[in-house]
């Protein structure tokens, strides 16, 4: 029997596979498709203090092996998420959730953390300091060590749940930002968020998406994600949730070997709503083939 | 919603750059005309949304226009090949809400979903009047198929090379209730001439099944996802 | 008749298509395949002062829609390039070349610039401050505004040929680096070089390439390249050579609409040695379809 | 070098995970056994280098082992499908340089190029002795085909389940001249037992035709590109 379980800050995960924030909503579109309890955890759609409509349409652009999105954190706001979405989701998923939150100021991050701290279903707080889709928003935080450290410190003060900072890949030196978060008390790190990308509709002579630029993700960014997970794993001691293009059981193992304790699957859910189910089904067999008895043994094996 | 493998029974050009594809596979979950399928194409990351033109047991008809890489790929597919599609998606038209004599107004590749709609309206004992608009004679398709449903059909072309010269709206005048699908300017024009109705919209989609908020659009009843809460919106809720 | 010509710092190009440095060697592998004179220009393999063997094997890793290379600037050194490679190439290509050079110190960049300044076949000096494959080398220069400015200033002093600085995409803010180069006197900019990426062979539990990390390029990076070209075009007034994943005539036009005056084609040459020829053949027809009479009119049309 | 479209005439498993593919297309540029082709596969960015096992006018035989995604894709291809390959690539073996009685030593999927080599040696009036090594009985292929060329053939398997138990080197003893292709440890072992010869190497390739320096390896005569200056290197220049 292959053991594919893993652990994040003391929380046991039956397997390392977690749908990534923003690609799984609050579970509604998936719970009729398969039993959500097969998942390691779920990272819910990025939640803000207030309800947000998000950016104008079009919000999606196709790319080679990926897509650009500029959803812009559309969500019903923290109160609705806590009182409506999470309780509904809890009927279908009975394990600790990952609450992904985005603020537009330090006090907002603090309010979000306080609110989520009180939600029993939330196992981990995932603090998104990196969404490139919000003007004047997360991007600024995510690209400076000082800001990341400050958000981390303030959020840590108001919650006893493990705090994972979700890092932006659009930086010169991701390891130093990771280190800053660790030094400020982060319990773990999630990486990577989307790369900033752009596509142009050459017929209409306009950017494909209304917001011009947006977040690029999917298999195309996998080599960048593996590199960053690897670099960060060498720089910090706290656990990492690796993501960026993961679409198969092989990708999960590659991310874990690079240094991730668990893995999120984003864009893949959109083009194949059964992606996570498939990956979880494939993992044990692949482990056997690779002679891995305990999957968590391979975390960070690459020197 | 299922990810279904279909076998191609037919794939041929029926008007300029417009192809009809007939597929063999499980259609049992389709609940209403106006729903769509989301087609997976090798080498293209996103799926392509195409309206259900018609269906019967294990048979699905799509009509698509070649406008880019994905639809071009589709046009090269041959009988006997397989194609995967996530389906059925979207709400579809609500036939029960229609009055006795609705107008069915379609333009260009907005026409396909109106075919099954009209068939269903007729089957439900209603008497739709069909108005179809195209750019030019070579673009016209499915006029005869609509007629075969036993309904009055009128065609307009922008350049006047076939049917009446002008737009769909020139065929319908003012009307109390419309079912419509077509390019945005056409939808707007129809909208302004009716008191009520159901309109089908397009949007660039990430997932097509409601998960990504890629297609969320503002309505008078709050935001709606074109892929899941639409593509059909009611006259009353639309904001232009 | 569609006019697909363009211009770089006063140098007329018959068309905007230029094979990218490192993917076309010094032309030898291509001149039997097609008439090189159809090309707009050629950017020769990155040349260093001394001969370099480069990195250990394996140097190549496959990626979704791209590859990672860690060639490590293998080249016969400046003297051999100037006295053997360029004269040979000049027998097959009769237009101004782009001499891509890489130093390991400011004095080396200066020596390279001086040497290339004397070569009549060289039309443009492309100063690579961004190759991620050389430890202690180009990477450091390319990620700091000060260094980029200094290299630019020193190189400008010793050559009268137009100097194009080739920028690294592995930075937080490419526009500010571009601006620093412009302010220091750069005549133009080439972007982007490869993204830093990594792949792991999960069977061997080792990085695929000997050097662990390497330069990631190909269609996968196109959306990042378009975004950066667009950002830089908005920040500077000097001409840009855009690159990163360009593989078709459509890609060329997308890059130009983003702000590039000419376009380099890299990885595409490796998987299809006839790529540049094909693109040049396709351009006029595509222009007609898009109702572009003069291709250079679309440079930077996206606002 | 051309990018040639081939039509698949045959593609079937001839040993465990080992397939023979026979292709129809232009082979006129092949100059020597030991050259290879670089195969383009839909959805895979890089091409896959596979040695030419044998060729005649418009007919090309490849033998490949399924070891990853690309070779798996190949194994699913069917007769009548098309496949593009850049070819011919590499230097190939120099038959003229061989003595009267060379040994031809191959291991696993290093065996295929040695087939055409042996045929050419025989055609050139030489008398090669063929030694083939495999892991196990189920992995053995082409023994009969080599024999049909009228040359002595011996087979070894690592587990002794077929032929002699042991390695290729156990079949050849010391020898003056070898042609060899196979896994690195085998090449090393053969190298150490001969005074001269030609050895075919593998490397991860970017282009396969000499442009990218992705496969450059140090030799006693300076660096050589496995894809262009190789894959066959001479005994004298190899550095391990």
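So that you can tell them apart, the chains are marked A, B, C and D in the order they are listed, and the count of residues begins at 1 in each.
Basically, contacts are C-beta pairs under 8 Å (C-beta built on N, C-alpha and C of every residue); 3 or more make two chains touch, one makes a residue touch a chain.
Quick caveat, the model's predicted, so the values are computed rather than measured.
By the document's definition of touch, chain A and chain C have no common neighbour. The greatest centre-to-centre distance from chain B, using averaged C-alpha positions, is reached by D. Chain C and chain D have Cα centroids separated by 36 Å. Averaging C-alpha coordinates per chain places the centre of chain B 55 Å away from that of chain D. Chain A and chain D have CA centres that are 46 Å apart.
In chain B, no residue touches at least two other chains. Each of the following residues of chain C touches two or more other chains: 61, 63-66, 219. Under the stated contact rule, the graph of chain-to-chain touches is a ring, a single cycle where every chain has exactly two partners. In summary, the structure contains touching chain pairs A-B, A-C, B-D, C-D. Across the interface of their complex, chain C is touched by residues 1, 3, 40, 44-47, 86, 203-207, 209-218, 223, 228 of chain D. In the complex of the two chains, the chain A residues touching chain B come out as 22-25, 28-30, 32-33, 45, 53-54, 57-67, 69, 71, 74, 208-209, 218-219, 267, 269-274. Every residue of chain C that touches chain A in the complex is listed here, in rising order: 61, 63-66, 68, 143, 170-173, 195-200, 202-203, 205-207, 212-213, 216, 219-224, 226-227, 230, 245, 250, 253-254, 257-258, 290, 298, 301-302. On the side of chain B, the complex with chain D involves touching residues 42-43.
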